[in-house]
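In what follows, subunit A forms one complex with subunit B and a second complex with subunit C.
And now, the complex of A and B:
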């Protein structure tokens, strides 16, 4: 805030008396200056919060990644060790592959379902409000609670799913959905995420769909375009920024997957559903090696920043 | 009405109803499962939720309420002042600070929480509800500052100027004239801050160590992780319902601002 004084005027002058016939420019400038000071004052809490709890930790995580940093005790510099050890860490390797696989599958499926729902509830018809609310309601349940809900729902003890499928003859005997096999554990987590997040993504796609002017559709109809042609040539191109946004959020969210695996599958069976963020947690609070956790965080952060920059590029090209 | 439009209407209603049932059934099931007991229906599962060794205690609920209250109050305070500054004033560094605030969106939770854990230890806020709330406030800032800036920008300038002509100073203009005008924004920001802080799991998991400081979410999840072997699923579902009911009620009453909030925030953030 000390940089507020413009260089030319030197020291702040006393406010000119209103009745004195002064040149209006100087009066305006000094009023603007005090208004700027006031604005900066109002912005101070934001600046403190952003500086202390965002910028400092951002630098700190980089600094920590260069050190052997035990949970208790003094840190010592071990420059590239934390990074080189990432390559040797087998759990990191399997977690990277699992996280990438999960991200690809989840993004494709979630996008398809969310877009389908958005198209379904796009037009104003009777009952559409009820449908939108029904798809959105899972969003009100916290993600951790939703994971616990599914843990019970999929359990053999109180859950209805296994009973239902047994009656239908799809399965026989006991099946453990969340820890039986790596495929069923992954599938359980994906169904959970679909249930919880489809409505949210539907809503964002819906606002994108509704931003397309009706005249464009009318023009397409007059030109004799079929429904599919209209969808491919009008809807999809005009939706590009929204689609880019939704896809980036899905990819970022999936790369950071934690709650669903921590709670629902506990990373198992045999670490087959251990995500990268679970590895970060494990390195820090189970193996008590904060430096190594910081190094993985920095690597993950770098990937995410690249994704976000690409997204911004796509969005900006449009506008 | 032509035959094809009739068919498409029927297929719309059948698909819609089937999907609505699919989406609502887990919620309804958890309510049902939390009430079902060995002999019929009752509150036994809730009783076990609050009394069994691994269950939740009153102080967990108090912790959750404390964190939510601090987060909502702090977010509203910082975002109101910041939104006013960004929406109505020009000052050096304004654009940079706004950009930095939005950049929080680009750096997700999981990657800096390790550093926040160390940082809170340095300033004596490790394992404290205040420290957790400060972190949650910071993560709320991109959305809430953006929301409040837009709200303040939408207020006509004449309103503010006429208040100043009438002799209001800046603070009383903000309190008496501007705040009532941006109330819808404040409601949305507050609602979001509450829903996030009430059900947040990862940040408390990392920043809180002692079970005395646990929030309800942590305590309920702990019922699963602390139990070796058998899990009391019925009590777990009671916990899920207990956590979800306040959010569902708020959602039902304020669906409009909830929906408007996260679309406007998400689309431009």
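And now, the complex of A and C:
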């Protein structure tokens, strides 16, 4: 406004633009402080939630793992007994190996199926919408409910699967899918997880696939790249952050496997499908040794942190 | 004059003080029995937790008690498998119900963890200590103190299908008198063919096997545990013989193939189907099977060559350690152990009374099968071990692995290795 003020003298001389009135330093400082306070206020609910539901339980579990922690009464420090006893627990040893084996098998299979489904429904075609919905639909069923559903379906007493397979001539006589042998029990659980989670992972991978600009594919085609070369040199590298994300979710989910084995196989036959979380459950609620359960939980948490650090490393390298 | 006035004032003050103290004494928990030995019926709302298996009995008790008392008991039940976890969580949160029952074999663990209030003095004053099921009472005892009293009794017996017995040419009024005879009967019935099988057992269920196989070991004069519940004896000849007999029945196809995988949930259903000739099972299933139109006979579980026994199971119950209504909760427990409750609620409902002096009553005499079941209380056992659940009932227990090996794998090695593993588990701190 001041630049439009007519000059007082005949000589046109632009007047220096007067500086906008600056608030005194003390006021500036208090404004900045109030802005910061407002920001902190906005963040408070989240901070309280994170503190209350994530950090406090985490610290408590760590603290418990250093104590003999009875259900009622005062805990007594027994560090590092809960940790050293992990090595003596034979069930932990077998559960670790089983959980690792399950994690490797499940991750490979689930990723292959989910990626395959994502590639299948990537292009807009007739019927693709139906397929995408059908693949995702099992996510609507709760995991415990899905496990019970499979238990019923696979039961020779009440389920139709065995009858159907017998009629088709695939099997003969009595077959127990969930506890007949360690292989069939593991297989049953894996089919359940594939059915329940393949669609969800497909959705994430599909989002990643569709984020790749079409121009990149066109350029590759102009350069004469084959479909395989395009997939290997364009799709996979550009999908790396998404792949890292789903792999981390799959690995974390598999290492924390519980429901499918608890409901479907009860950890059997002969403890062959007892996962690490089932051992934690047993220590806490069957043996009522909360300190021991906390120690195994902390050890498992450490493994999960390692996997998550690797994932973050991969993601950061790409971005 | 002045000093006399002061003295009068002091006396008055002292009298007022004494009166005030006496008045406060009216609220003294000791005086009302809150921490005394008598029960209190003052209109308190009491919560009672139980596992699904014995829910109907707890509800029948509560209904009959509520009808005649000011206190009101509300029963909540949880699925059997989830119940121990539910209790542990409630204890961790110091929010146990006023009363909670537990499978009698888990009672020692809960007592040792201090989850129940000490009932020693109350029980001693009640005059019932020598009249209730000793196995249940022992199970709820830890370091000489009583923490739980009997709540329900369920025993293992041989249940046989009378129609199949007749079809197989066997006398439906005469059950087997030894385990070998049981096997013979099962084989004869299995020959009927079709969907019919001679017998059935829970081959993937530690609890089912201990409940139905151990009486045969006891019947043969053997034992499974020492008195303190710290050493296993599952590698004995008696145990080996019992497993061998059932294993032969499975290998021959006399036992239904699903026996190998039976983890408990479909055990009752298999017997209710009417296609199983004879099988050991809980006595409370007698009515449940007959509800499906299957006529059943009852026989004791015997050793291979005779000698009857039974596993006295069921529930023990105590007052939650965090409850503030212990006197009122005790009032309910006292009533459940009374003659009125045992005869008019339990015996009338075809159950087994927890009172040994009421085994014969006006209802039991009406059904000779109930008389037989009640008579077994004196011959049976309730095993005692602090780590019973972790060692025997849990799906990850060393016992289940032993059972699987003895029935379907290398029997001798499984029993030897299993004995060491179970002993280690029993002795774990």
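Structural remarks
Following the convention adopted for this analysis, the second predicted complex is superposed on the first by the 287 of 319 C-alpha atoms of A that agree within 3 Å, B and C clash if a C-alpha of one lies under 4 Å from a C-alpha of the other, contacts with A are read in each partner's own complex, and residues count from 1 in each chain.
Everything below uses one rule, namely that a contact is a pair of C-beta atoms (placed from the backbone, for glycine too) under 8 Å apart; a residue touches a chain by one contact, two chains touch by 3 or more.
All values reported here derive from a predicted model rather than from experimental measurement.
Contacts of A:57 after superposition on the shared chain: subunit B is touched, whereas subunit C is not. In the superposition on chain A, contact is made by A:157 with both subunit B and subunit C.
By the touch criterion stated above, A:237 is placed in contact with neither subunit B nor subunit C. In the superposition on chain A, A:290 contacts both subunit B and subunit C. After overlaying the two complexes on the shared chain, residue contacts for A:281 are found with subunit B and with subunit C alike. In the superposed pair of complexes, A:305 makes contact with subunit B only, with no contact to subunit C. Residues 155, 157-158, 266, 281, 284-285, 290 of subunit A are contacted both by subunit B in one complex and by subunit C in the other. Touching subunit A in their complex are the following residues of subunit B: 12-13, 15-16, 19-20, 23-24, 26-27, 29-30, 33, 36, 77-79, 81-82, 84-86, 88-94, 97, 100-101, 103-104, 106-112, 114-119, 134-135, 137-138, 141, 145, 170, 195, 198-202, 205-206, 217, 220-221, 224-225, 231, 233-234, 236-237, 239-240, 243-244, 247-248, 250-251, 255, 259, 262-263, 266-267. Residues of subunit A that touch subunit C in their complex: 70-73, 91, 155-158, 173-174, 176, 178-180, 266-271, 274, 278-279, 281-282, 284-288, 290. Residues 84-85, 88-89, 91-92, 94, 109, 113-115, 204, 257-258, 260-261, 263, 266, 269-270, 321-322, 387, 389-390, 394-396, 400-401, 404-405, 428 of subunit C touch subunit A in their complex. Subunit A contributes residues 3-4, 32, 35-47, 49-50, 52-58, 60-61, 64, 69, 117, 120-121, 125, 127, 130-131, 133-145, 148-153, 155, 157-160, 195, 198-200, 203-204, 207-208, 242, 245, 249, 252, 256, 258-259, 263, 266, 277, 280-281, 284-285, 290, 293-294, 297-298, 300-301, 304-305, 308 to its touches with subunit B in the complex.
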